[in-house]
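Shared chain: chain A. Partners: chain B in the first complex, chain C in the second.
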Partner chain A sequence: MSGSHSVRRPDLGLIALKVYVVAFFAFLMAPIVVVVIYSFSDMAYTTWPITDLSLRWYQRMLEYRPFMSSLAFSLQVAVAAAVLSILIGVPAALALARSGSRYAEAVMTFLLAPLSMPMILLGVALLYYLSWMGLGVSKLSVVLGHTVVSLPYIIRTVAAVYIQSGRSQEEAATILGAGRWQVFWHVTLPMVRAGILAGAIFAMLISLDNLPISFFFAGPDTNTLPVVMLAYQQNQFDPAIAAISTTQTVIAVIMLLIVQRLTGLHHIIGQKR
Partner chain B sequence: MSLAESHTRPKRRVGWGLQGLGGTLPAVIFLIAFFVLPLVDNTINSFENDGSAAAIDNYVRLFTDSYYIEVIARTLWVSLLSTLICIVLGYPIAYYLVRHTEGSGAFLIFLLVAPLMTSIIMRTYGWQILLARNGPISNWLLDFGLIDRPLATLRSPVSVYFGVVHILVPYMVISIASVLQSVDRRLEEAALILGASRWRAFWRVTLPLSTAGIVTGSIIVFMLCNGSFLTMLLLGNGSVVTLPLLIYQQFILVNDAGFAATMGNVLLFLALACLYLQLRTVRGRGHV
Partner chain C sequence: MKTRSLLLAMSIVASAGASAHAETISVTAFGGAWEQAFRECYVAPYEAATGNTAEVTVGSPSQWVNQIAANPQDPPIDVLVNLMDTAAVAIKDGLVDPMTVEQVPNLAKVPAAFTEPLQGYGTVINFGAAGLGYMTDRVPNPPADWMAFFDGIIAGDYVATLPGINVGSTTPTALLWNLFDLMGVPLDKTDAVMEKLVAMKDSGNLVFYNDMNQYLTQLQSGEADIGIYWDGRAWTAKDGGIDKLNFYYPQPGGIISPSVIQKVKNGSDEGWNFINVLLSKSSQECFSQKVGYPVVNQDVVYPEPLASRVPSYKDVRWPDFAGISKVMPEWVDQWNRTVGR
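Coming up: the complex of A and B.
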C-alpha cells in the first residue's frame, strides 16, 4: 500500500484513471446500447434522435421469414457442432490432460490451431475441398466447418477443468475396486461435466456469430442467421436488424449466465486463446 | 497447463486415457480431414490457373502488381496500428482491474466480456448509427460548437479503427491482466519506499514486469485483426481494402478460385508466423 502518498493529498492519478475507466466502458457499451435502443424505435430509418418507441421492429423480425428460419438453422448447426465436438473433443482433452507423453504438448497445440487461423481462409478452403468431396453447399458442410472451430473450445475448457481436479479421486475409486468404465462414468465424467457444458455453450456462442465460414456455404436451405443479417444490412437500413441483434444478444447473455453459474467466468477468460 | 510428469506416473492404468494419447485419435483424424487437408488443397489450388501461364503465375501477379502489394501492406499496417491502439487503451484498464477493484471487479469483467457475446454485425451496426453524419455523436459535437459541419467519419478509415479496436481490445486487457495479476505488488511498493515516484515505479518496475502480457495480447490482436473482414466491409465503405476483404470481394464478383486461394495462402503464412511467435513466447515463460 502506498498509504503515505494518498493520505497527504487527493490522488489525482487514481482519479484520472477512474475517469478513464468509466470512459472506456462507455466506449465498450455504446454501440451495443444504441442498437438495443433502436430496436424499440418507431422510425422507418435509423435516424437520430429517436422520437417514438414501439415494438414494430420486433413484429417485423417475427414476420420476416428469413430471420426466423435462419435463426432456427443457426441453432441447429450450433447444437450439432457442439455435440460432435464433445464426442471427439472430450476423449482428446482427458487423454491430453493426463498423458505423460512428450508429444502431448504438440498434439494440444495442433488441436487448438484452428483458433489461430483466419476464418475466411478456412471458409474458402473448406468450400473447394468439400465440393471436391461431393458435399458442397449442404447442411453437413456447415456443421463440419463449425465443428472445426468449436472443437478447440471444448478441448481447452475440459482439459483445464480436468487438470485442476487432480487424480486422487480416480485413484481412490480404482483402489476401491472400480473398473475402468466405472471410474470414467462415476468419477471422471462428473468431475469434468461443468467444463464440458461451459465449453459447449461457449462453442455455440461462437458458432451463432460465425459469418466467415457460413458465408461460403450459403444456399436456399443453408443460410445461417449472420448470413441473412449481413444481406439485410447491406440492402436495408431499417431497425429490424436491431431487433434481431438484440434478440440474439439476449440468447447469448442467458447462455453466458449459465456458464458463469456453472463454472465461473475465469475458466474461459483466464486462459490464453 | 502443466502436463503430468512421466516419472510419477503409476504403471497401472488409473482412470481414463492416463496411459497415452489414444483418446486424441478421433479429434486428430477429424482435424486432419477437415482442417489440414482443406488448407493443403487450398495451397494446391493456388498454383492452378487457366493453364496458359506458369504454376507460380498467381504469386507473381500478387507480388508484382502494385495494387495487391498495397493491399498486403495495408493489411499489416491496419493490424499493427490497431494492436498499438489496443495496448494504449487496454493497459490502464488491465492495471485498474488488477490493482484497484475490490467489490466491482466481477462486474467490470462481465462488462469487458459482454461485448464478445454480441454479434459482430450488431456492434458494426451500432457504430454505423453512432458515427453517421446525422448520428448522435455528430449532432452533439455540432450542438456544442466543436465542429462546424457533420462528421464524415463513416466514409473514412477512422470508423474501421473504431470497429476493430472495439472488437479486439478485450483480448488485450485480458492478456495483460492475467500477467499483471502475477506481478508481486510488493516490488512496486519497495520502489516507492525507496523514494521512486509513482510514475517512475510504474515505468521502471510494473511495466517491464508485465511486458509478457503485452506481447501475448499483441500477437492475439494482430492475428485476429489480420483475419477480420466484416468491419472493413461494413464500416470502411471501400476505404480500407485488406486481404480478407479482397478475398471476399474476389469470391463474390470475380470467382477467381486460383487467385483467391493464393491470397488465402498469404494469410495462412501470416497466421502461421503469428502462431510460431505465440508458441515461442509462451514456451519462453515456461507454461503452455
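Coming up: the complex of A and C.
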C-alpha cells in the first residue's frame, strides 16, 4: 500500500542542466547587454555604475557623419554582395548537389574555402589582386571582396536544402512533360527558396560585420561601418561606439527574426527538422 | 539678343573653366574627435582657399600604406597622415615624396627636430607624450622617475597597468624602448629588459591593457592604480569626468608619439598646398585647441589650460624609431616567449 504514495523526487540532473543552460546564455549575452546599457549612459566615459540615463550618444551617433554614411554604404554592400552571391552561388549549389562527378565534393570544398581562410590574409590578397586587375580601392572591389566571403553561406544553405528535398518531385514534373526550365522555375526554385533567403540574410549579416576585408578597401566613398568603428574606437572612448554597436545589433536581430519568420533558422545552422 | 547669347556663352566657358581647375584630393585622418578637428581646422580652410575638395578617409596607417603599395602608379591617397613606424615603411618602400620649403613654404615654421626623423620625407604635425596616469586617492605619492615606477611594481607599492604587446602605437616606444633606454641596454639585447618585465609580472602587481579604453576602465574599477598612458587622452578623460585621474611625465621625461604627414608619390601635387595650409599658424592653433595636443608650427600660442599641460618638444624623449622597427619582430617574439600577454 505504501507504494501508492510514492513521492516524485526532483530530477537533480534536469535542474542542473537548466541552471547550466541559463548560466551559459547569461555568459554569452552579458557583453552584448553591457554594450546596450552603456549606450544609454549619460557619462562621457564608460564608467560603472551608470548614474544617469540619456540618449546623448545616439544623438552623437547621428551627428558623426562617418557613422551614418558608412552605415548606409555597409547596407548597400551587404545587399549587393548577397545578390551577387545568389547569382553565382545558387547555380553552383544546384549543380554540385545533384552532380554525380567524383570531383563535385572537391569543388564544393573549394567554394567553401573562404570560410576556413584567415580573413585578414584574404583582405590583403584581394587588395593586391584587385588592384593588379585595375579595380583598386573602389566600391566594386568592396562588393567583390564581400561576395567572396558571403558566397559560401549561400552555397551551403541552398545545397543543404536541395539535397534534403530529394529528386522525386523534379522527376515527377519531368515525367509529366515539363521542360528543364519549367522544372527549375516551378519545382526546384520553390524547393530551395527558403535556403536562398536564409543564406542571403546570413550573407548580409556576415558582410555587415566584416572588418578584415573592408579594412583594406576603405576610402572616402568606400568606408564600411566596422572600419569607421575601429578608427573611432582607437581615438575616442565615449559611449557613441556603444550606441552604433547597439544599432548594428538591432539590425542583425531584425534580419534574423525575418529569417525565423519566413523559413526558420534551422536552414542556416544546417539542422534537420 | 546677341549680347545675351555672348554673355551666356562666356558664363558657360567660365564655369567650365572653373570646374576644370577644381580638383579633388584624397587625404587620410584618424577617427573620432581627431577627424572632426582635422576637417574643421585643415580641410575647411584648404577648400575655402583653393576651391578644391579634400575627401577624408578615416582609418589606420597600415590600411593606407597597403592601399598605396598596391596601387603605386595611381595611388588612391594623395596626402597620407601616418605614424612613425608606418611612415618609415612608406619611406623605405619609396611610396612618398621628399618635402621641401619650396613646395611647402610653412615648413619653414617647423623646427628641424620634426622633419629630421623622417629624413625629409614628411613632417610631424602634432604630438603626444607618454607619461604616468594615476588615481590620486590610491597613489598619494607617485614615483618621481620611470625606474622608480617599474621598481615600485615589483616592490608592491601599487598595482600598475602596462600596454600589452598588441597596443602597437604604445608598447614599442613608451614601454619597451623606454626600458632599454633607462637600463642602457642595446636594442638588440633583449634579455635584461624581458627579465625586468617578468619580475614585474611575477610580483602579482601588474595587469596589462590591450586597448586605450581598457586602461581607463582598469583605473576606475580599481583593478590598477597607475600606468603608462598618453597625455592628451589622460587630460581629456580627466576633463570628461574622471576627477581623480592625474597625469605627469616622470624623469627623465615623457616619450614622444608623433602624428606625421607625407605627400604620396604619384599623388596629386595639390597635396603640397593642402600640407601648406595644414602647417599654417591658424590651422595648427585651431587643431591643437580642438584635440588638446601640441602642434609643430613654432608661432602657435596655446591658451590655458593647454599651455601648462603640453610639453615642449625639447623636453620629451625621442625613441629610435628606425632602430625599433628593425628589432620589433625580435621584441615581439621574446615578449611572447617570456611575458606571454
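Note that the second predicted complex is superposed on the first by the 247 of 273 C-alpha atoms of A that agree within 3 Å, B and C clash if a C-alpha of one lies under 4 Å from a C-alpha of the other, contacts with A are read in each partner's own complex, and residues count from 1 in each chain.
To be clear about the criterion, contacts are C-beta pairs under 8 Å (C-beta built on N, C-alpha and C of every residue); 3 or more make two chains touch, one makes a residue touch a chain.
Being a predicted model, the structure only gives us computed values, none of them experimental.
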Clash-or-fit label for the pair chain B, chain C on chain A: clash
First (chain B), second (chain C), both or neither touched by A:A113: first
Partner chain(s) touched by A:V124 [first = chain B, second = chain C, both, neither]: both
First, second, both or neither for A:V183, with chain B first and chain C second: first
Which of chain B and chain C A:V21 touches, first, second, both or neither: first
First (chain B), second (chain C), both or neither touched by A:M43: second
Chain B versus chain C as contact partner of A:F216, first or second or both or neither: both
First, second, both or neither for A:V228, with chain B first and chain C second: second
Per-residue contact with chain A, leading partner among chain C and chain B: B
Touching partner for A:A104 - first (chain B), second (chain C), both, neither: first
Against chain B, colliding segment of chain C, chosen among 40-48, 220-228 or 274-282: 220-228
Set intersection of chain A contacts, chain C complex versus chain B complex: 46-48, 124, 128, 132, 215-216, 230, 233-234
Residues of chain A touching chain C in the complex: 43-48, 64, 66, 124, 127-128, 131-132, 136-137, 215-221, 223, 227-228, 230-238
Residues of chain B touching chain A in the complex: 1-6, 9-10, 12-24, 26-28, 30-31, 34-35, 37-39, 41-42, 45, 89, 92-93, 95-96, 100, 108-115, 117-130, 132, 134-136, 139, 166, 169-171, 174-175, 178, 189, 192, 198, 216, 220, 223, 226-227, 229-230, 234, 244, 247-248, 251, 257, 260-261, 264, 267-268, 271, 274-275, 278-279, 282, 288
Partner chain A, residues of chain C touching it in the complex: 26, 30-36, 55-60, 63, 66-67, 70-71, 74, 76-77, 211-213, 216-217, 220-221, 233, 237, 240-242
Residues of chain A defined as touching chain B within the complex: 1-2, 5, 13-14, 17-18, 20-21, 24-25, 27-35, 38, 46-49, 87-89, 91-92, 94-105, 107-111, 113-114, 116-122, 124-126, 128-130, 132, 144-145, 147-148, 151, 155, 159-160, 163, 167, 170-171, 174, 180, 183-184, 187-188, 205, 208-209, 211-212, 215-216, 226, 229-230, 233-234, 241-242, 245-246, 248-249, 252-253, 255-256, 260, 265, 268-270, 272-273
